[in-house]
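Structures given as C-alpha cells follow.
Both of the next two complexes hold chain A, though its partner changes from chain B to chain C.
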Partner chain A sequence: MISRIFDNLLGRGSAAVTVPPMDGALKPNNQLENLQPGIPAAQVDDIVEWKGEPLWSDGATLVSRSGVQAELPSVITALAALDDTLVVATLDDGLILLGGDYQRAEIAWATPITNVTAISVDQSGVILFCTGSQTNAPNEWRRDLMETNQSGMIGRANPKTGEVRILAKNLRYPSGIATTASGSIVYSEAWASHIVEMSADGSNAQIIFDEIPGYPGRLCRQENGTFWLSVFAPRNPLIEFVLREPAYRKAMLQEVAPEFWIAPHFYSGRYFNEPMQGGALKQMGILKPWAPTRSYGLVIELSSTFIPLRSFHSRTGGSRHGITSALQSGNTLWMACRGNGEILEMQLVEKGKAL
Partner chain B sequence: MTVPVVEMLDVTKEFHGNPAIRNVSFDLRPGEIHSLLGENGAGKSTLTKMIAGVHEPTKGQVQYLGKPVSFSSPQEALENGIAMVFQETNLVPSLTVAQNLELGNEKLLNRLRGLYISAQQFLQSLSFEVDPTALVSQLGAAQKQMVEIARAVRHNARVIIFDEPTATLTPEEKHHFFNLVERLKNDGVSIIFISHALEEALNISDRITILRDGMHVITDDASNFDRDTIIQHMVGRNLTDELYGKDKVKRQTRPLGKRVLSVQNLSMGSMVRNTSFSVFEGQVTGVFGLIGSGRTETFKIVAGVNKRNLFHGGEVRLDGKPVRYRVPRQAILDGIVYVTEDRKIEGFFETKSIAENIYSGLIGADLNQKSVVSYSEMAALAKTWTDRLNVKAIDNKSKVIELSGGNQQKVVLAKALVQKPKLIILDEPTRGVDVGAIAEIHELIHELATSGLPVVVISSYLPEILSLSDRILVSRQGRIVEEFSIDDATEERIMYAAVH
Partner chain C sequence: MSLASSIKKARYRWLPDHVFGELLSKSWIDNAIPFTIMIIVVGVVGSLLPNFFTGSNIGILARQYGELALVVLAMTTVILVGGIDLSVGSNFALGNFLMLYFLNLADLPVGLAAGLVVLICGSVGLVNGVLIGYLRLRAFLTTLVTLIIVRAIVDLLLLEYAQDMSMSFYSSPLWDLMGLGNVSIFPFSFVILVIVAVIAHVIFSRSGPGWRLLAIGGSRRSAYNMGLPVKRIVCLAYVVSGMLVGMAGILYAARLSGAGTDTGLGLEVLVLTAAILGGNSLGGGRGSVTKAMMGAVTVLVLTNGVLRLGLNSGSGPMVLGLALLFAVFVDVRWMKNRHKLLNTVYVSPTLMEMPEPRTTDEGPFKVNDRLSKVDVIGLGDVESPEDVILDDEDYLYCGNRHGDIVRFTPPEYKTYEIYAHIGGAPLGMSFDKDGNLLVCVGGMGLYMVAKKDRAVTLVTDETNRSFFSIIDDSRLRLADDLDVAPDGKIYFSEATVRYEMHDWPVDALESRGNGRIVCYDPKTKKTRTVVRNLVFPNGVCTSHDGKSILFAESWGCRINRYWLEGPKKGTVEVLADKLPGYPDNINRASDGTYWVAIMGMRSPALDLALRMPDFRRRMARRMAADQWLFPNLNIGCVARFDDDGEIIESLWDRKAANHPMITSMREHKGWLYLGGITNNRIGRIRLEGQNNRWTGWSSYWGKKSGENA
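Entry: the complex of A and B
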C-alpha cells in the first residue's frame, strides 16, 4: 500500500508510464507498408490454412482467394483447422464445428464456451481456446482494456466427448494460443504484453517473452518450430498513463464515444476529432516522426525459444495497422490487416528480408 | 640551417637500472609542430619530461637554443620558456581558474578583481569558455585541460609540450585547440604533440617522430606518413586490419539472444532525456556518441553510479525485473559491471598492487571464499587473470600506477571480470591504450560476447565501434536516436545520426 502511494507520487513501478523500446529484431521498418495492395476484407479477423489454401473470416463470412465460401449467422471471432473440420468461434454461438461442406456439426459442450479470441488444435485433436474476457465480447476488446479486466481463460475442449476443462483463469485478455513441438501450450496475454508457456495440463506456467511494445494477439506455429506473433495494437505512454487513472477512464467510458477514447485501436487518423490529433501528431500537415500512435502494424517471427528473429512493420504514418493474424504457407506470409481492411501477402525470402 | 630550439643528443634515461629511453636523438625546430608517437611505454612522456625538467638524462645531452641545459625542475624550465601540459592536470583544485593561471607569477599583493578580469580576457582570446572565478575542483576534465593549456600559453613559452591534450575534449573544443596550436605556431612557438589519435597527429604536424621500446624508430615529414605506416613503425607490424577489420565480411554478426537489459524512458536532468533501448545477450552492443551526448551518464544510471530523476525518471529492467540502484554495489551484486572511461580516478587503487586491485573486485561482488582477506586466494586469482589477459609487469605485487595504460586497463578489466558479470559495460575500453594492447582487449571483448555475455562498448572512435559491434546505438542530446545493424552501418551514417 505504502509502496503504491510512493509509486504514484514518483511515477515508478506500477505507476511508471514507460513503454518497452522497439529495437534489436523489433527495429521499425516499412515492410508491411511497402507490400502490394491486398485482397479487400473490411472486417477481416483470423486466417487459417484449410484444404490447402488460406481461409479467412470477414465479419460473419468465410472467404478464400476464390471468394466467399460460407456465411454464418454471427460474427466470427476465431478460426482453426482440425483435419477436415473447421473450428469456428462466433460472437453468438461460441465454439462450433463446420464440416467440409461448411455444414455445422452437432456438438454439445459440457459448459458454454464464449468470447473466444483464439483457437488452436493440439496433436491429439483436442481444441485449445482462449476466452479473452468473461464480461466483454472480443469486439469489445478496447473496453476490456480500459476496464483493466483480468477475467480471461485458457481451456481445452474435446470435440469427441464435449468435455471442457479450464486450464488457466484470471488472465489479462489471452488472445493467441499455440502448442510447441514438445506439446506444451503457449499463449499471449494481451494486456500484460507477454507470452506464457505452460504444460499441457495447465501447470508450470512461466513467462517466456516479456515486454512486448504492443498488445500481442494470435500465435501461429510453423513446421520448423518458429512462431508468427501478430501484435494488433501498440502501447504508448499516453495510454499507459490513462490506464493508471481509474476515475478518468470511468468518465471516459461513460461520456465519450468509443471511437474517440484514448485507447489503442486497429486504425487511427481517420477522424479530425480523434485524441492526439492536430499539433500532437502533425505540424504543417507533416506527420512528426516521433508522433505517438494509437494503431500500428507489427508481425514478429519468434524462434522456437521465443527470441524475436525479425519483424515487419507499418509505422505511425502508414495504413497497414491492426494485424490480427498471420499464417505462413510455403514461402508466403498471409496477414489479416484489420486496420486497413485487407489480406496482405508477403513473399518471404531469406531471414531479415522480404520481397 | 636554423638552430633547433631543442636538441637531444644520444639521450638515455634509466630507472633503477632499467632503461626507459635508449640513445635517442631528437630535435625540435623553431615554429614547428612535432608529433611524438609510440605505444604506451614507448618512452614518449619520459623523453619530453627530460626536456621539461622533470627528469634528468642518465646519459647524453639536452640542448636548448643551442646551449646544453640541465633544468632541475619544471619551474626552472618554465622560467626559461619550456612549458609542459601534462596528461594528468597539475592544477590546484582548491584555487580558482584565474589563480591557477597566475600560479608561479604571483605578486606580493594580488587584487582578485583585476586577476579575474585579466584571466577572463585571456581565456576569451583563446576562445575557451571557462569561468575564471570557478574553483578548479568544480570543472570537468575538458575544462581542466583547457586551463592547463591556457596556463602554458600564459607563460609566453617558446616551447610547449602537449601530452595527450585532446583526449578529454569535445570535437568543438578540439577545433578550438587546433586553431590555438596553429596560432602559437605562427607566433614562432615550437610545439611537441603527444597523442594516441593518429589522425590528429597526421593533420596537425610538420614532422613526426616515432619511438618503440624506448628507442628512436623514425623521424620524417608528416606528409610522408599515413595511418598504416605509423602503426607499422609503432608496433613493427601492420595492425590496422587486425584492430579494426577493414573487411567487415570476415566477421559474422553474432545472433541476437534474449533481451537482458531494457531501458525505458530513462531521464536524468538535461543529460539523459527520455531514452529507451535494449541490450541482448551474446552480442556486443556498440554505443557511439559525441562527448556530452549522455551515453556515459545513461549507463552510469544503469550501473547505479548516477541516479535518474526522482519523479518519472523511467525504468531500467534487468531480465524483465525493474531495478533501481542507490549505489553501484547493488548493481554489481545483480551482475552489472561498469568499466569506467576514467580508470585513473574511478578504475583502480593506484597505490595498491595488481593482485590487490583484482582481489578488490572479488570482494566488491561478495565472491571471495573467506570472510577475511586471503592472500593465497588473492595471489592465485591475480596469477590466473594476469596470465589470461597477458598483463605485463615485473610481478603481481607491482603497483598499478607503475604500469602502462594498456596494462592498467587490463587490470581494470580483470577486476571487473572476476565479478562474474551478467552484463558488462565497457566505457572507452581502449582510451589511452597502446595499439598492441588494443588488439588484445578487442579479442577479449569478442570472446566475452561469443561466450554469451551481453557486452556494451561505449566508444568515441568509429573504427572501433564498427569493428567490435554487432549492433550500434547512436546517442545524441541525451537519448538513443538511431540503431544500426552492422550491415547497415558506415562511419558517415553513424556520424550523421550523432550530429543531426
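Entry: the complex of A and C
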C-alpha cells in the first residue's frame, strides 16, 4: 500500500510508463509494408478458413476471394468454422450460426452472448468465445481501454444444447482465443498485454507470454502447433501515462472526439488534429520509423510453447497498421489489415531462408 | 468546481514554479546546502552557549577564524586542482616554530621573518608539488609522507630549541598588532584573511590561471589534451597551499607565542572537513572561496561549541568525523543528483485555457490542396530554411542549420551560393533601407550582412535585464523574427528566454509568457525590451502604414498589434485570435494585407492538456522528451489576413508532402515562397490575382508612388 503510494508519486513500479522493447524475434522489419497491395476491404476484421478457402468479414458482409458471399444485418465482430457451420458474432445479434448456404440456424443460448471479440471451436465441437467487455461493444474498444475496464469474460457455448458456461471473468479485454494440442485454452488479454493458458474447465490459469509491446488480439493455431498472434495496436509511453491519469482521461473521454484521443488506434496520421509526440516531428521531411506512434502493424508467430519465432512489421509512418487477424493457409499467410482496409497475402518461407 | 478552478488559476498566476528550476540551474545553488548547514550550526551552538553572540566572543572566534580559514583556503586550492594536502598540519607547525625561532633566537625583524617563513612553507609545498605534479605520485600518499617528515623535523627542532625559545620573549608593536590587535574593530588575522580571500576569489572566478586550475581539477586529461600546462599548475597549487599555511602559522605564532609538539596536530582533518562541508567537491573542479569560508565557519563554531559545552574528551573528534562523513555524503549525492533533479523540474507548465479554435471545415480556413503543386527549390541543398526573403534583384535568400545564409540565383533558382556564414541558426530575416540583410540568429542574437562586402557584423546580442528574473535574461537566447520600422528601429522577437534553439517546441508544453519583443535603435545603438511575458512571440511585421507592428503569439494562437504611434502608442491589442494552428512568421502581401504561416495545428488532446498543468508536469518528469505530447508541427498552412484581423484565405497541402512545417512565406512578383524550419527545401507557388510587380523591399523602402503607393 505504502509502496504503491510512493510508486505513484515517483512514477516507479506499477506507475512506470515504460513499454517493453521490440527485440529478439520481435525486431522490427518492413515485411508488411513491402507486401503487394492486397484485396480492398474497408472494414475488415476477422478471417477464417471455411470450406477450404479464406473467408473474411468486412463490416456486415462476408467476403471471400471470389467476392461478397453474404450480408448480415449487423456488423460482424468475430468468425470461426465449425465443420460445415460458420460461427459468427455480430454487434446486435451476438453469437449466431450460419449453415452452408449462409442461412441462419436457429439456436437459443441459455444466456445472451454479447460483445464477442473472438471465437474458437474445440475438438468436441464446443464454441469458445471472448467477451471483450460487459459495457463496450468491440467497435468501442478504444473507449474500453481508456475506461481501464476489467469486465471481459471467456465462455463455452455448446451449439447442440444451447448451454453457456462462463470459464473466466473480470478479464482485461480478452480478444483472442485458441485451443492447444493438449486441449487447454489460451487467450490473449489485450489491456494486460499478455497471453494466458488455462485448462478446458477454466482452472489453472497462468500467464504464458508476458510483456508484449502491443495489445494482443486474435490467436490462430496451425496444424504444426504454432500460433499466429495479431497485435492490433502498439503500446506507447504516452498512452500508458494517460492511462495512469484519471482526471485527464475522464476529461478527454468527455470532451475530445474519439479520433483525436491519446489512445491506440488501427491507423494514425490521417487528421491534423490527432495528438503528436515529440519524436514524431518530421525532420527534413522524414518521419523516423522508430518515432512514437499510436498505430502499428505486427503479426507474431509463436511456438507451441509460446516463444516468439518471427514477426512481421509495419512501422511508424507505414500504412499496414492494425492487423486484426491472421490465418495461415498452406504457405500463405492471410492477414486482415484494418488500418489500411485490405486483406494482405504473404508467401511464407521457412525461417532462415531469404524472403 | 468554479471555486476549485479559480484557486487553480490563482495558484498558477501567483506561484511561479518555474523559478525553482531556474534556481537549480544557477551555479551558485551549490552553496545552498553548505549555507543552510552553516546557519543551522551557528544558530544551534549560539543558542546553547549563553554568551556566544557577545562582542568579545565573536572577536576571539574571528581571530581564530582568520588562521583556520587561511588553511582551509590552502586545502581548497589543492582540492580544486584535484588533489589533497595532508601536510597542512605539520607545515602549519613548522611555520609557527620558524616564526618564533626567527624572532626570538635569530633576531630578525618581523617582516623579514614572516617573508622567510612563507617561503620555507611554500618550499614544503614545492616538494609536494614536484612529487605530485611532475613525478605524478599520488597526492594522498605523498602528502601523508610529507606530513610525517615535516612533523618529525618540527619535533627534532623543538627538542633542540624549545628551551632556548621559551627563555626569550619577543615584542614589537607590529608583532603585538598581529597577535592581539585590531584593525578598526576587526582582528588582524581576520583582515589578512579577507584580503587573501578576495584576491583568491578574483583569481578563481575571474582569471585565466584560476579557470585553468579548475579545468584541471574537473578533468585532468581533457585539460592536458587542450594544451594546458597541467604539471606546472598542479605544482603551483601545492606551492600556494604551502604559502597560505605558512601565513596561518605566522598568525598563530603571533597569537599564542608558543611552540609545542601538539601545534597543528589533526589540523588536516579539521580543514578537510571544513573544505568539504563548505561544498567543495572532493573530486576537484567544483568549488569556490565562498564555500571554503562557509565551511570554515561551520567547523570552527562546531569545534568551539563542542569544546565549550564541556562534552567528553572524545566527542570533539566524533562530531568532526560525523560532520566529515555527512559532508562527503552530501557532496556525492548532490553532484550525482543535481542534474537529474534539474532535468525533472526545469520544465514547469502553467495553466493555459485555449479558446475553441476557428473551424477548418468551412470558411477561410477550409482545408484545400492549393499548396500541393509547389515548385521545389534547393531540395536537399538547404536544411532548415526557417525564413526566406527576396531582394529587389530577385535573389532568394534563406538560412540553414549550418549557420549559412544561402542565396539562390534567379530566375530558375537552380544554382545557389553560400552568401555569408554567420554560425548559429539563422531564423527571421529582413532588409534594411540600404539593402543590408538583418538576420535573427538563434543562440546568437541579431546580425547584419552588409550589402556591399557581405561582411557579417553583430548588431545586438543583449537587452536590458529584467529586474525580477532569476536566469540572466539579458542575453538573447532565441531571437526569432524581426522587422524594421519606418524610423529605422529594428523590432524583433525573442520567442522564449527559457529554452535554447533545439528545445523550442518544449516551450509549448509550458505555454507561459516566456518571450518578449525587443527593440534595437541604430541611432543610439541601445537595445531594450518593449513587451514582456508573451507566449512564444514570433513573426514580427511592420504594418503597411508603418504605424504599428504585427506579431504572432504562437502557442497562444493569436496575432497581436503593437502600436508604435497614435493614441494607443505602446499598447498591445489582439488582432486575430482563436486560430486553428500556431502562427509563425507574418509578412506583407501585395494588396495591403498580410501573410501568416501556420507552422502547426492544434490538437484537442493538447488543448485539454494545456488546461491541466500538473498533468503536463508529470508528463515531463516521467517520460523521455521524445514521448511528450507536442503540438502537431507536421502540417500547417499559409493564411492571409487584413488590417482588421479578418482572415481572407488559406492555402493548404492536405498531405503535407512537400512542406510538413511552414514557418515562413514571402510574396514576390506574383509568387509565394515558402520556408520551414524542419524542411530540406524551399517551395514556391504562383499566386492568382496578386500584383506581379510587387516586391517586399520596395513595399518598405521604395518610392511611395505608382503601384506601391
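Here, the second predicted complex is superposed on the first by the 343 of 355 C-alpha atoms of A that agree within 3 Å, B and C clash if a C-alpha of one lies under 4 Å from a C-alpha of the other, contacts with A are read in each partner's own complex, and residues count from 1 in each chain.
By definition in this document, a contact is a pair of C-beta atoms (placed from the backbone, for glycine too) under 8 Å apart; a residue touches a chain by one contact, two chains touch by 3 or more.
Bear in mind the structure is a predicted one, so any value in this text is a computation, not a measurement.
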Inset, instruction - Determine, for the superposed arrangement built on chain A, whether chain B and chain C clash or fit. - result: clash
Inset, instruction - Look at A:Arg65 in the shared chain and tell me whether it touches chain B only, chain C only, both, or neither; answer first, second, both or neither. - result: neither
Inset, instruction - Answer with first, second, both or neither: which of chain B and chain C does A:Asp210 touch in the superposed model? - result: first
Inset, instruction - Give one of first, second, both or neither to describe whether A:Arg270 is in contact with chain B, with chain C, with both, or with none. - result: neither
Legend entry - Superposed model, chain A: greater residue contact from chain B or chain C: C
Inset, instruction - Give one of first, second, both or neither to describe whether A:Ile307 is in contact with chain B, with chain C, with both, or with none. - result: first
Inset, instruction - Report for A:Ala257: first if it touches chain B alone, second if chain C alone, otherwise both or neither. - result: second
Legend entry - Partner chain in contact with A:Lys51 - chain B first, chain C second, else both or neither: neither
Inset, instruction - Kindly classify A:Gly24 by the partners it touches after superposition: chain B alone (first), chain C alone (second), both, or neither? - result: first
Inset, instruction - Could you tell me if A:Pro237 is touching chain B, chain C, both of them or neither one (first, second, both, neither)? - result: both
Inset, instruction - Would you sort A:Arg4 into first (chain B), second (chain C), both or neither based on which partner it touches? - result: neither
Legend entry - chain A positions touched by chain B in one structure and by chain C in the second: 11, 16-17, 237
Legend entry - Residue ranges of chain C in contact with chain A within the complex: 383, 505-506, 601-606, 608-609, 611-612, 615, 618-619, 621-635, 656, 658, 660-661, 678-681
Inset, instruction - Spell out the residues on chain A that touch chain C in their complex, using ranges where they run on. - result: 11, 16-17, 236-238, 241, 245, 247-248, 251-252, 255-257, 260-262, 272-285, 287, 291-292
Legend entry - Complex contacts: residues of chain B adjacent to chain A: 256-259, 262-265, 276-278, 280, 310-315, 317, 320, 322, 324, 471, 473, 483, 485
Inset, instruction - In the complex, go through chain A and note every residue touching chain B. - result: 9-13, 16-21, 23-25, 27, 207, 210-211, 237, 307-309
